[in-house]
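Structures incoming, each one as structure tokens.
Next come two complexes built around chain A: one with chain B, the other with chain C.
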Partner chain A sequence: MKITEAYDRVKDLEWEPTYITKEEKSVETTRFHLENATPHDPFKTFVREYCEQELEKDDRHYAVLEASSRLNTKEPDPRWMEAMKFGLSNLVGVEYAAARAMGRMARTVAPVELRQGYMMQMLDEMRHSNLEMNVIRHHMKHWKDPAGYDIVAKAGVNSVGSSIFRSMVEDTMTSDPVETSIGLQTFIETAYTNVFFIGLSSAASRHGDDMLASTLLTIQSDEARHMANGWATLSALLQDDRNIPLIQDAMDKWSWRMHVSFGTGNLLFADYFVRDRQESAKEMMMRWVFDDFYGGFYQKLEKFGIKPPKFLDQMISDQDWTSHSTALYLFGAWPVFFHRFDPISGEEMEWFEKKYPGFYNYFGQFWEAYGACTDADEKKIILKELGGLPNFCQVCHRPTIFPRPDINTGRSYVHKGKNYILCSDGCEHIFRKEADRYIVSKSFYDLYEGMELSQITQQLGYVRDDGKTLMAQPLLEPKRMWTLDDVKRCEYVVKRPPPPPLSTYNPDAAR
Partner chain B sequence: MSHTVTLQPFGVEFECGEEETILAAALRSGISLRYGCKHGGCGSCKVQLREGEVDYEGEHATAISESEQDAGLALLCCAHPSEDVVVELPDDYTEAELQPRFPVREFSVELAQKNLVTHDTMHLVLSLRAGDRVEFGAGQFIEIAAPGSDEWRAYSMANAPATNDRIELMTKLLPGGVFSEYLKQRAAPGDQLSVRGPFGQFQIADTAAPIVMVAGGSGMAPIVSMLADLAEQQSGRDIVFYYGARSRRDLFWLDEIAALGRRLPLFRFIPALSEPQPDDVWDGETGLITDVIRRHSDSLRGAEGYLCGPPGMIDAAVAVLKEKGMFNSRIRFDKFLSTASY
Partner chain C sequence: MSSIKENFTVSARLIGGDDAEAIVDLMRENNPALAIEDNGSYWSITADNDDLIFEMDEIGEAMGHSYSVTKFLGILASYKGEIEVRDNAVAIKVFAPHQ
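And now, the complex of A and B:
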């Protein structure tokens, strides 16, 4: 029997049960209209073939891991290996959430033509989270300093830095199931996974981390199918004119939501976690995300009346400073992280100045101050010298230092009599539309205000087995490792900064 | 060495080299097959082979398993033919979707008019035989056999696709060019000429985005065809057309463009002279077309660019469009090659 024929037979097994209602069957409902859609089936693959394909990919990948752990190849770059403790803490949750999201899609809204694709994607995502957990396990066994890799899963949940990704993931998977597809398949997967997985994989490879390079490539080999799922879903939605304004709203939201999470992460990783640099992170993003996705992919949607995202220009200009502002936060707040930091050198600053004109003027001072605060005997901690942490955005959980600390767009916004802090027009736009989704999350200050810094590190669990030495260190090889007592001697107590000025954003202004 | 690939049930055939993938060869031959990632990862181009062997040497064909290969399935984006191959397309394919947008054919035309529009640019009108029609897209080109030689020359259509009983071309007369010399010396109304086509992917995207057109020299032709087509469709898109000429004597068809502009509600035409002569009567823009674009544009984010002209002008103009925020993926161009290098 031909595959297409067999496939149609499987589709014919679809039935509408009489013993429960439509609502009971689907558990959740959607505000989008898919009832009359006739989607194009993106794949015609059976589970048997799917499993064979994935098995083949796994065989190839695990062979690399097995071989490289025996061959004792050159030691990977320590900056990269340390930074990936934080890097990897962000990823597993995304994959696991994506698996859950696909289960919801298949159950609640998927027309039969799309369901098979969603179910396979669900299995893919489980595979990806296993692969990523396995890299973490591998690095824990083989990297010379396993401290930090051993708590990556926990840190993904309690780190103030990882909360940027975590909040985005939770936002994605608790949306309307169709909106989840738009956020996940159209934005995370279509817009960002190429730059993220391919770009990061190439960087991993340049820094001797073959394990991660191979992991990211084998993951990315599944992503094209996910992009096709996303396009099939969007095309089905576009068949019904009533969906157009709903799609526009969702795309406006998720373009910004990904910019402040995946975009921020990618810019940081690609500019600051590497030593061997090729393109700047901004150049990579312009080519892979903005030209390909916002230029090319969006163009296909325009004839249906979909307009470019509301904050597109801001998203592009932000990239001049995003990686540097994020690095300032990450390095400045090192005691609440769980890896060794490797500040950039003078030579690297010259490279940054060339790629980001004006860099030194705005960030040079920080790096000099950072250098003066790395010796535990000096009793000076950079976070205190900087004047403490800034406010955090209620939506994206980034500190309010974007696009650049001196021109940050942090603002206060009063909702039902209570003041909330937001980082940008984009996040305020999202907050105003669905404030109830965001008001329950606790900020860093709700949790730690009034505590002395070493107590926070201890409470987070970012302390080595001796019970006193910090996992994080401000240098790769400090003269002496910082302990909780060293931090305590710096006498920094977390204080909530005053709220920024009230918002002047006008949501009705023309796009 | 190349092999024949046959697409069943339609019997459509094309040639594919051993170094080429079947998908790439199909697309090159103007046959549209379905595909996704183009690099073996998604399985969107998986089909059943009825005859012949393929190999995947040097490709990363992950979306096909060995047992699928044993069952005669193939991933067209990664498959190289080892011999002649017969593909059984999935049964929801239609023959129409395989075809290029407009059929390519060779046919005879009669030279109806030749008019010098500048000192070195000639406008040609070629009539089709009575009852014959030519289908093409605005922006496409045809090839024309240079009489008295076995060479073909490529020119873009200057007329709208709706006027399908004729072909209008603009040719730059180059000293010593085989077709140019024919036009200058021997061409006369009534001459029979052979043409083949249409070819080319240069076309306006079906969107509502603002349009920036840039042309130089006889690169005017496809742009005028596009404008005429947009006017025909009663397009309401925002259009600005920059045209660069050396001096007043190189500028032509101002009235024709003005007439098209009256049919387009949001149209601006900005011609510019790069080297105006002392006796040129001219109150328009002067300077390099790139500087003129720079002066007249704010942000071009989201806009689309369509450029036709000599390579140097296109490269410089593309840089300005990007500088103004235009996405690279929204810039399309047709660099014309002089007869010397063609």
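And now, the complex of A and C:
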């Protein structure tokens, strides 16, 4: 039987149970209207074909992992391998959250055509979580310094860098189930994972990490179906005019939310975790996200009444400095991470100056200071030279140094008599709509104010098996590895910085 | 979106390997106007305002053995456009939604 014929017959097997109401069956409700939609599933996925397809993919991918243990290939680039300890720690939780999101969608959303796609996606996301854990395990077994790879799952929950991703996924997992589709399938999976899983797979391969390249590509091959799920959901929603303002709200929120989380990560990885660069992170993002996604997809929704995202202009201009500001934060706070850092060279700074004119003027001093603070015997730590860490945004958990520390848009906002810190108009827009959703999370200072830096590293569990040497190091091969005592001798105690001025953002200003 | 240019490009990105190389050769032969890039770990096939149709019988003939939609979807890493899975083909069409 042809796929198209079988698909129509299977759809007819759908029924409404009489022993339970619709509301009891779906458990959660959605504010979106889908009851009269006639959706279209372009993949027409059946369990039989799905299993065959995924088996084919797994056979190809795990053969690569299996063979790699017998192949005598040259050592992968250490900058990349060390940075992936942090990089990969962010992914596993994201995949699990996506699986939960799809379970909620399958349970809540009415049309049978969409439900099948969501159920397959739920299985995919669990597959992805497993694929990532497998490559992490592979690296832990084969990389010359496994410390950091062994705690990736824990670090994904408690590291100061991972809170950016964690806050995003927890927001996604707990939103209106249909709104979650817009955040996850439209923005993460149609825009941002293409850069991450395909663009960076090429980088992984160039840096000798073929295992991760294969992992990322096989994951993205499932994302192709998720993109189709996203469009199937969105096109069903667009059939009902009552959904237009709801979709617009969701587009405004999630475009920004993904820009500050996935977008920030993509930019950092593409500029600072690689040595062999073919294009800048900004060039990569402009091509994959702004040309492909916004120009090739989003712009065509205007005929349905969907306007460009409220903060699109800011998102575009942020591409100039985000990677460098993020690197400043990560490298500056190196003792509370769990990988060896590899600072950029003079030659790399020249390359950055060509791609980002003005780079040396704004960031050169930091890298010079960093270079002077890598010797454990000198008792100088970059965090102290910087004057400490900045404030952190209550919504996205990024430090308030964006787009660039000297022109940062951090602000204070008073809600129910308490002062909260926000990083941007975009995060303030989100906070104003649902403040109670975001005030429950603790900031870096809520957790660590008053603590000496080595105590934080110890509390996080980022110490090697000898109980004294830090997992993180400021260089790939320092003269001597830093220990907790070395950090303690620098006498850095976490102090909460003064709050920024009150916000002057006007939420009613025209787009 | 004044600084974003609307475009109608269509693309398929295939995981690198023997299957992808054979498909790329076939597509290049069928349509020399396609932009084809070897990115190391993956191939990129791009058309400007034109659909990309991957016919399994044609691919199978080029490979010397049968080929299926299932196998093709196993190496399709990503696409840009509107995808449609048919009985014996995968089409990636220009994305132009109608109200």
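Convention: the second predicted complex is superposed on the first by the 507 of 511 C-alpha atoms of A that agree within 3 Å, B and C clash if a C-alpha of one lies under 4 Å from a C-alpha of the other, contacts with A are read in each partner's own complex, and residues count from 1 in each chain.
Here, contacts are C-beta pairs under 8 Å (C-beta built on N, C-alpha and C of every residue); 3 or more make two chains touch, one makes a residue touch a chain.
Note that this is a predicted model, so its numbers are computed, not measured.
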Does the chain A-based superposition show chain B and chain C clashing or fitting?
-> clash
Identify the partner contact of A:Y294: answer first if only chain B is touched, second if only chain C is, both if each is, neither if none is.
-> both
Using the superposition on chain A described above, determine whether A:A204 touches chain B (first), chain C (second), both, or neither.
-> second
First (chain B), second (chain C), both or neither touched by A:Q53 | both
First (chain B), second (chain C), both or neither: which does A:K303 touch?
-> both
Going by the touch definition up top, name the partner, chain B or chain C, that contacts more of chain A.
-> C
Touched partner set for A:D342, first chain B, second chain C, both or neither = neither
Colliding stretch - chain B into chain C, listed as 5-13, 77-85 or 221-229 = 77-85
Where chain B and chain C land on the same part of chain A: residues 2-4, 42-44, 49, 52-53, 56-57, 220-221, 223-225, 227-228, 290-292, 294-296, 299, 303, 308, 312-313, 316
So in the complex, which bits of chain C are touching chain A?
-> 1, 3-9, 13, 15-17, 39-42, 69-71, 73-87, 95-97, 99
What part of chain A is in contact with chain B in the complex they form?
-> 2-5, 42-45, 49, 52-53, 55-57, 220-225, 227-228, 287, 290-292, 294-296, 299, 302-303, 305, 308, 312-313, 316
Spell out the part of chain A that touches chain C in their complex, as residue ranges.
-> 2-4, 42-44, 49, 52-53, 56-57, 60, 194, 197-198, 201-202, 204-206, 210, 213-214, 217-218, 220-221, 223-225, 227-228, 231, 235, 238, 290-292, 294-301, 303-304, 308, 312-313, 316
For chain B, which residues are in contact with chain A within the complex?
-> 36-37, 39, 41-44, 46, 48, 60, 62-68, 73, 88, 90-92, 205-209, 299, 301-302, 304, 325, 327-330
